[in-house]
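Next come two complexes built around subunit A: one with subunit B, the other with subunit C.
This part shows the complex of A and B:
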């Protein structure tokens, strides 16, 4: 006869549960609590009600950061949803040397975001490769301020994100394309469908769920962008800090001996709410489509 | 039974939550009674000393200082911790938050301030009445804070900025290394000549101004009581206007707007900029990065009031062995040990006894030695230009607004008004 103790399952999941509580649940709860205080890294922190949120709503810099994040998402979403699918269709074909292209497209994914952003910074610098070549070839008379103009800096960071993300999403699409039955394509071909029609009516419906997943991943990561903008602007957020993302703003207020943890927590909470919005929208669209 | 454990768990989580977010109170108030009297007592027992990035270059020196202290006080055992350069603030922060601050700890004045506000550091001015007799006023004043009576560190070593000029570049682009600029007007005038002759291939000016430059232009950065910022004056706006004009005329690199302070030194060491500022030992370190450039560098005194950089040793109020901790901090920072340290590298002692040391006031004829002498003589009028109340976020905001004004994105007045408003808000919270 087996003796069953009520706490045996709890003992088994205890390590994972403790990890989750300490590193996920507790910090999340603490962030919510801190957002209603004027806490600093050392000591005190008094309840200030909605003061941090009130301040955030009138913070011009948060407005700029939100605008940047939304632009980031709106540009990255279509590009990183469609381009990797087209690339996956290309490299899916079994052609001689195709492995080279698959590897080449995936290489930026392996590289660290910080390293890649540093290299892009050198390339786009006033005296960098792009400006140097363009001036030498008489395409430009003056260097373009890729890293010092608000919109060009944002565009440079978006380009970097797209370039780096193509390979990652391409691999996700490759696995999804493998699940689209070949017999469906053959049947469509027998019915007289051309390659465009087969793409629209066989391939796309076959990878629709993956597209949704990719869209969700892109939306979340675009709203939480940090490394690209931080490195390209050398941590300054561009002139006037107008190229900051919300995460950069949180980092700016929370770091150091005298970090403003209360306000940074309020910004974190706002970012969380904002990030959930597109997710719910995409899920709703998916349900409607079904 | 299950309910009991569940309630206990909930109670523990709630208690931890409240304590963790600091709503539980209990932080000690500054200026407790132990800080208001001279610390006396037998010097013995174990103490910890924490320094910042002195190993391995100065291991022998520091170990020698510690050994001599232990020889003088046989009952003392010093445990020396040296923290790496990166992440030191975070390290001290975690030590302070966890109640594990070392007995004697190397803290620059801006690191010490939040600890003073929490009542974690000993008031050295009260604990050691001889402080003002032995150390220079500028060093001690750096550890005095508005609204906090006392001084919270033994000044250890000092440094300041010296101007460094690339003589080859100056000559090549029409300037005379013997007639170096001594103020902003001359600097801008020479930068114009330099730009015309170099065709924009190199720059004389390559950094944007900061709070130190505003202070140098006679702008008061903070109110006397340290409770508000005051640097949005017409004089400050006029200074930014001058930099904007210079920027628009191409006298500064475009990337200066997003470059941090280090960007200027990088351009100098690669021969793209002809002027940078650095500590008294800059030429020695440049000799490692660019040995061909180092001999061609000409040093000159900083324009206006040179900035004063102070390092010091503070004593944790929670030390279980206050007399020994205080004695150790004084020992490490005394005239003899500081002078020995300063002879190893280009830093300057904060003790009055070292003022007459000819080592600091006589050059051996090399440019590195000349820079050391300039730095030493500059210390007499050097001052802390950026108030210690300016934290990281405030510093970022000020830099961003200055960059915005210089880029022409807004007027200088509005940029300064915005910076002051935001910094005031951060100061109040």
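This part shows the complex of A and C:
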């Protein structure tokens, strides 16, 4: 633990520190500064007080985006908290070929959201696989407009997010299951507990903290959604631009002749406020758990 | 010397990607299980009926998770003469052809996009390997005033979703003169704070006695990093390489904001552009999608053993 020159550690840390300051700390401060200006992508940048925040209050598109985020979160939370746990239980047992299944289930996670959204855009197309099969099996008489209806488009994006997230949370649960004491399971089995009772009384309490962590991660990522909605709507935000997310609005205002960096920064601050809530909750719960 | 718990265990938000660390201590799972099998008959053995049910469920989930990718692959191989809009779609192309791939390459400069993505990924991987190793080593292994403060700041940044600072990050990159360049795309992510913390965790797990012995032998900081530190953190380094590559290759929002010149597009932005210009022909878009997707599959398949090795050992704690 000794080193002869006092500056050696600083030399090693320097690159990371420079990056931290230039690409995280300064942009964070600058976001706050910009949010009080009328900066545009092509110049400008005068102090305008609370004008951007005023504008946000009466922005219907932002209202829609926030509503979409709430719906996103409410649908994703139960599905992504429960389904990946069941998948983890399924792949936990070391059967022959299980590594293949684990890797395969993880594939949607490593694929780009763009790739996934283009694939699902084709599957959910008016003349695509789902509509084709449903009509053939007489479930539908008319194709459902998955990608052109305000609510169906949102629902399609949500199912895409859920589908892409399954493997990610499965791996987190799989890791947590490794920590659930085998002794406890064995003891319960000796006492004659069936697999259902063992699941309820041994497995579930064992992964309770992980479930909390997972649900916070899900909430935060639901608020940060971008690519799914962007690609499925071809960048338009759906009919009337009502299928936007907050991040989509930020992207929209960050570029081009109609861009407004000041307003985009105000929206970024708003995004920070709504995402930091779940994270603070997690830190509280985490401290209790430790 | 009492060692601190690795940071990532106390701080689950560090799990932006579920990453596993180098574990020096074995989990003792196998030998305990071995004994248990004799004690409780049937606990570890699986009945045939259960096996059948499990495999059926596994196949069902496999169909749901991998099916759409295969459907896209199949679409990309279907000839223009084959009706893909029919209500009785065939899952295998009748006359497989690579024509759609040629068409995609003709429509947009796919190879340029791929090369651009590769450049961005290479800078990101290289920067993270070097930057996170150096900083992680210093934070884990060297004592200096201010270390705790810096660690705290690194940790605090993890609470900040990247999208929050993306606008002013763009302003920063632009004022560095890097707007609309690949370097501008790659630079902000070239040293991830999460990776610094993960490397710190990995270096802390290396037994301190090895270091002490090296110091007695007169090794300097650099020699300790190269000869004692690095050989013991290869697992964590591979995980960082995998996720830095995947993260850079898959990213969409950031390159979409930074790049304006279509010749500089990365693959994700490029195939979304292809989607905009070619939306009438799903076969060609499918081909473009596959070109963006397959390299990631290859990289992950080649390196996945590093990833799943630690998962089961419970290296991530909730």
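We take it that the second predicted complex is superposed on the first by the 260 of 290 C-alpha atoms of A that agree within 3 Å, B and C clash if a C-alpha of one lies under 4 Å from a C-alpha of the other, contacts with A are read in each partner's own complex, and residues count from 1 in each chain.
By our rule, a residue touches a chain if its C-beta (ideal position, glycine included) is under 8 Å from a C-beta of that chain, and two chains touch if they have at least 3 such contacts.
Since we're looking at a predicted model, the values are computed, not measured.
A.B. asks: With both complexes overlaid on chain A, does A:240 touch subunit B (first), subunit C (second), both or neither?
C.D. replies: A:240: touches subunit B, not subunit C.
A.B. asks: Tell me the contact category for A:275 with respect to subunit B and subunit C: first, second, both or neither.
C.D. replies: In the superposed model, A:275 contacts subunit C only, not subunit B.
A.B. asks: Kindly classify A:175 by the partners it touches after superposition: subunit B alone (first), subunit C alone (second), both, or neither?
C.D. replies: The answer is second: A:175 touches subunit C but not subunit B.
A.B. asks: Would you sort A:24 into first (subunit B), second (subunit C), both or neither based on which partner it touches?
C.D. replies: second
A.B. asks: So, A:135: does it touch subunit B (first), subunit C (second), both, or neither?
C.D. replies: second
A.B. asks: On subunit A, which partner's contacts cover more residues, subunit B's or subunit C's?
C.D. replies: The partner with more contacted residues on subunit A is C.
A.B. asks: After superposition on the shared chain, which partner residues are touched by A:6: those of subunit B (first), subunit C (second), both, or neither?
C.D. replies: Both partners.
A.B. asks: Counting contacts the way the document defines them, which residues of subunit A are shared by the two interfaces, the one with subunit B and the one with subunit C?
C.D. replies: 6, 26, 30, 34, 39, 125, 127, 234-235, 253, 255
A.B. asks: Please give the residue numbers of subunit A that touch subunit C in the complex, ascending.
C.D. replies: 1-4, 6, 8-10, 12-13, 15-17, 19-20, 22-28, 30-31, 34, 39, 87, 90-91, 93, 95, 99, 101-108, 110-115, 118-123, 125, 127-129, 132-133, 135-136, 163, 166-168, 171-172, 174-176, 178-179, 182-183, 185-186, 189-190, 207, 209-214, 216-217, 220, 223-224, 226-227, 230-231, 234-235, 247, 250-251, 253-255, 261, 264-265, 268-269, 271-272, 275-276, 279, 282-283, 286, 290
A.B. asks: What does subunit C use to touch subunit A in their complex?
C.D. replies: Within the complex, subunit C touches subunit A at residues 10-13, 15, 18, 20, 27, 29, 32-33, 36, 39-40, 43, 46, 51, 54-55, 57-58, 61-62, 64-66, 68-69, 71-72, 75, 85-89, 130-132, 134-135, 137-139, 141-144, 147, 150, 153-154, 157, 159-161, 163-172, 187-188, 190-191, 193, 196, 208, 211, 215, 220-221, 246, 249-253, 256-257, 268, 271-272, 275-276, 279, 282, 285-286, 289, 292-293, 296-297, 300-301, 304, 308, 310-318.
A.B. asks: Within their complex, state which residues of subunit A touch subunit B.
C.D. replies: Residues 6, 26, 29-30, 33-34, 37-48, 55, 60, 125-127, 143, 145, 147-148, 150, 153, 233-242, 252-253, 255-260, 262-263 of subunit A touch subunit B in their complex.
A.B. asks: Spell out the part of subunit B that touches subunit A in their complex, as residue ranges.
C.D. replies: That would be residues 2, 16-17, 20-23, 25, 27, 89, 92-93, 96-97, 110-111, 113-115, 117-118, 120, 253-255, 257-260, 263, 272, 391-393, 396-397, 399-401, 403-404, 406-407, 409-410, 415, 418, 425-426, 429 of subunit B.
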